[in-house]
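The same chain A turns up in both complexes below, where it pairs with chain B and then with chain C.
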Partner chain A sequence: MSGHVSIRLASERVNHCVASNNELPQFYTPGEVITGTQDFMRGHGTYVEDDSLKASVAGVMQKVNKLICIRPLKSRYVGEIGDVVVGRVLEVQQKRWKVETNSRLDSILQLSSVNLPGGELRRRSAEDEQMMRKHLQEGDLISAEVQSVFSDGSLSLHTRSLKYGKLSQGVLIKVFPSLIKRRKNHFHNLACGVSVIIGNNGYIWISPQKQDIMVDDNREDIQNYEMQNA
Partner chain B sequence: MAGLLLSSTEKVFIIHGVQDDYRSDGRSNIDYRPMELETDVVSHASGSSRLRLANTDILVGVKTEIDVPKPDKPGLGKLEFFVDCSANATPEFEGRGGEQLANSISNMLERAYHSPHAFNLKQLCILEGKQCWKLYIDILILECGGNLCDAVSLGVKAALFNTRIPFVKAVLMDGGNVDLQLSDDPYDCKYLDVASGPLLVTLCKIGDKCVVDPSAEEESCSVVSLVVGITGNPKFYVTAEEAKNMPDVELKCSMIGMNGPGSVAPKTFKDAINQGMVAAKCLDKALGQALLRERQENTSFKKHSYGFLK
Partner chain C sequence: MPGPDLLSSQGLRLDGRRPNELRRIRCKLGVFTQPDGSAYLEQGNTKVLAAVYGPHQASKSKQLTEGVVVNCQYSMATFSTGERKNRPRGDRKSQEMSLHLRQALAAAIKTELYPRSQIDIYVEVLQADGSAYCACVNVATLALIDAGIPLRAYACACSSSMAWKGGEPEPLVDVSHVEEAAGGVCLTVASLPSTESIALLEMSHRLHMDYFDVVLSRAMQGCRDIEVILDKAVREHLVEGWTKQDVVTI
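Up next, the complex of A and B:
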């Protein structure tokens, strides 16, 4: 087959499922009976009907003592305080940015929870408010940490550390949030010269390691590009 | 794919990659994403195919009908393309939403197939000036994942390759009237010669270079794309032994179209067409090999129909 194009027939389709020797966890579908007895407590993703506990989402069971939860395999991101997320700025509003983080509601990044250029902590003036779009624009990608969760489940982010902030050149990969475990470190520098940010929300940012240098090198290009589009 | 938002640095990253002939999914500028093809999926059509390119899903059916040839072209048959954008593909296609796109694709196909170098309409002639075959090529877009033109043209060529035309048994001339008797045996038929059929290649201009089969991210970096229709090489549609005896055919460009508000410099334009030729050659070769394998399975009765179930 030629290298540039590959056309496969339907009859030649390969099953990409990974064969595993250890037993797979049982997969529950919505409405499936988990247990008939009443000795268990109802957790997330379950409901009680006709004296039995049933799953309300498609996923795998998690059991803590008597509490039964069903963790969905495909879902939106449900944030927790301290999570590292990668998000895209959707809107610049008064004193805050709207950020898309793959959760049910758009997250919010307050002007007061970013490190402004200059370094020192100070009150945010009206001038800062007018400069917001200079700092982060619609479409910009940022890495941030979840500062708090509002009562409706939307997230408030902060970037008050040098490791967070605007992301420059690289590629964004989107996966399901359930595939990403919470870990101590979500920033990785690989030996091959690639740095990876694995956001808890399923957004993974892959970029060259020497980011700052790259941005400096290409500053002219970026400005030219922006001028072309302006 | 207008809804996609990218930051300017991401765009620069993509543009620089394209400049160095390296794209973010590891392809080079003339690489396509993997495709999957199945022919003979619709039992009540004369020929059909289904093509999946990444998330783009195309179903093509060919119906045959006997018609009277045009008075100015008595020895030629007829082709008619119809594209239907299903609202399943994207919600934008609902109602009359996809009509403009559908028309532009069917017009492009019509222009690409119009050239006698691309498709020999003489093979559809039954009786000169009296009767000819008319092929209705219905294209259904089931899922829209970008790069529609290329996928549609591949699907159409595969469906035409799969099309069987029944043999005409008897012709009764009764005064000026012609009465045809077709063979009842479904295996008593001939395949069409579509080896030189054109393939459409969309070239998306990013920076100074062009890429084929752009992803949604790449599409949002470019302001203009070219569509070129390149005729096929009959060598790719016969076995290797037969190909040795065949003369080399030069590829011809039978159609050029342009999408988007941007402009293209003459030099870039020339480079783009040459790049399209190279890409079309690879595409044609891969399609020919896949179709030959499929026909092999068909004739040895090993073929199972997979359709949409697997």
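Up next, the complex of A and C:
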């Protein structure tokens, strides 16, 4: 009965890191003076007070020529044009949908920046506005691309490609957005029959691969299934 | 002034501290995954948890065009005090504490950066052993830093009291529950120590004006000491987070 039981206090720090001996960058904390001179430009995470540039978040410095930014370990998603995001429809409005994308403000998906069902290209009419809820409802998950960023930081999305649009049958996983790097491809089909959408906003969508990819392997299964249901 | 006997003949306090000594502060950032930022802090036997959500879109009725809405909720667990509480939040004292918390934190947050947004700060006192408000400000600051929300500086809070040692006034820093209950004066200061500015000042009981300066300066010194401790904790957290990122990229 006398096994070793280690009971730790909640506040005791446990460092799980394997590589803790590699060299560290310099860290800055809020209120810390970065530089006393005025020949630098202030970027995100910094502010000017008493003729010196100070950090406003805790993190590492990124310097591009004269622009100094402090990048925190984690923060809300800050969108850039071309990012792939996964979001949830919050609201259906007159000519647009409000989408929650883990960003500071809700994102907007305009009716004019979605593909109409059937793929026809034309001006959006009043009937289309009335059919909006048929297309995307409150609570639906979508994948989309950032079309533009408004001056207040909110995002405008578009789904004008067949790879974007409504998501169904899968699992959503939320992680911190800073853990996801910007890559060329955010849509992955894994060999095990799983397709993954890694949204830049920290939302990851995992789903079975599209039927048309698998159709050669299990055409018979599908036919049997359809016959049973017919 | 016939104040209660808070100092022994050796000049030690009821719990064995020296007059200018803080209680032990231990803290940890990033204790939850669901909120954007979270922290846990122990100041002696006072234990508090904080969670920060946001900045996120504020509701239509609340949103301001000039800055972010800071929304605080202070709650004390039912088991946090000697006598069991039946309302963890919503009573007069909690509402007042929420307002005070908002005042101190809104002074530190760079509110002008996020128009039309809202930041929610939830603080839960798990064990109250004096200076619960101070611990709440300190833990909320850590949670805000963990959430990556821009701050002007650390917001730290500290309390101080007053005792007599051989007829001389001797201020006490970081008041514990026994000292609070003994009925002495209790001055609570929330400040941004690196800018030397005071965000909130509150005093219970009466204190002669002649002694106010020494008591205030002792509390401010406490704030500066706490800032050093919080800064160290934040740096340790950054080191931990940073090496983890490197491991992922290898």
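Please note the rule applied: the second predicted complex is superposed on the first by the 173 of 230 C-alpha atoms of A that agree within 3 Å, B and C clash if a C-alpha of one lies under 4 Å from a C-alpha of the other, contacts with A are read in each partner's own complex, and residues count from 1 in each chain.
The rule is short, and it goes like this: a residue touches a chain if its C-beta (ideal position, glycine included) is under 8 Å from a C-beta of that chain, and two chains touch if they have at least 3 such contacts.
None of the values given here were measured: they were computed from a predicted structure.
Trainee: According to the stated criteria, A:Glu80 is in contact with first (chain B), second (chain C), both, or neither; which is it?
Mentor: neither
Trainee: Does the superposition put A:Glu138 against chain B (first), chain C (second), both, or neither?
Mentor: In the superposition, A:Glu138 contacts chain B only.
Trainee: With both complexes overlaid on chain A, does A:Glu91 touch chain B (first), chain C (second), both or neither?
Mentor: In the superposition, A:Glu91 touches no partner, neither chain B nor chain C.
Trainee: Touch test for A:Glu129: chain B only (first), chain C only (second), both, or neither?
Mentor: A:Glu129 sits against neither chain B nor chain C.
Trainee: Figure out whether A:Pro25 sits in contact with chain B (first) or chain C (second), or with both, or with neither.
Mentor: A:Pro25 contacts chain C only, not chain B.
Trainee: So which positions on chain A get touched by both chain B and chain C?
Mentor: Touching chain B and chain C on chain A: residues 9-11, 13.
Trainee: Which of the residues in chain A come into contact with chain C in the complex?
Mentor: 9-13, 15-20, 22, 24-25, 27, 29-31, 45, 47, 49, 56-60, 72-76, 104-106, 152, 179
Trainee: Where on chain C is chain A touching in the complex?
Mentor: Going by the criterion above, the answer is residues 26-28, 36-37, 40, 42, 54-57, 110, 114-117, 145-154, 192, 194-195, 231, 234-244, 246-248, 250.
Trainee: Please output the residues of chain B touching chain A within their complex, sorted ascending.
Mentor: Residue list for chain B touching chain A: 5-13, 15-16, 24, 28, 30-32, 34-38, 50, 154, 279, 282-283, 285-287, 289-290, 293-294, 297, 303-304, 306-307, 310.
Trainee: Can you tell me which positions in chain A touch chain B when the two form their complex?
Mentor: Touching chain B: residues 1-11, 13, 88, 90, 137-141, 167-172, 215, 218, 221-222, 225-226, 229 of chain A.
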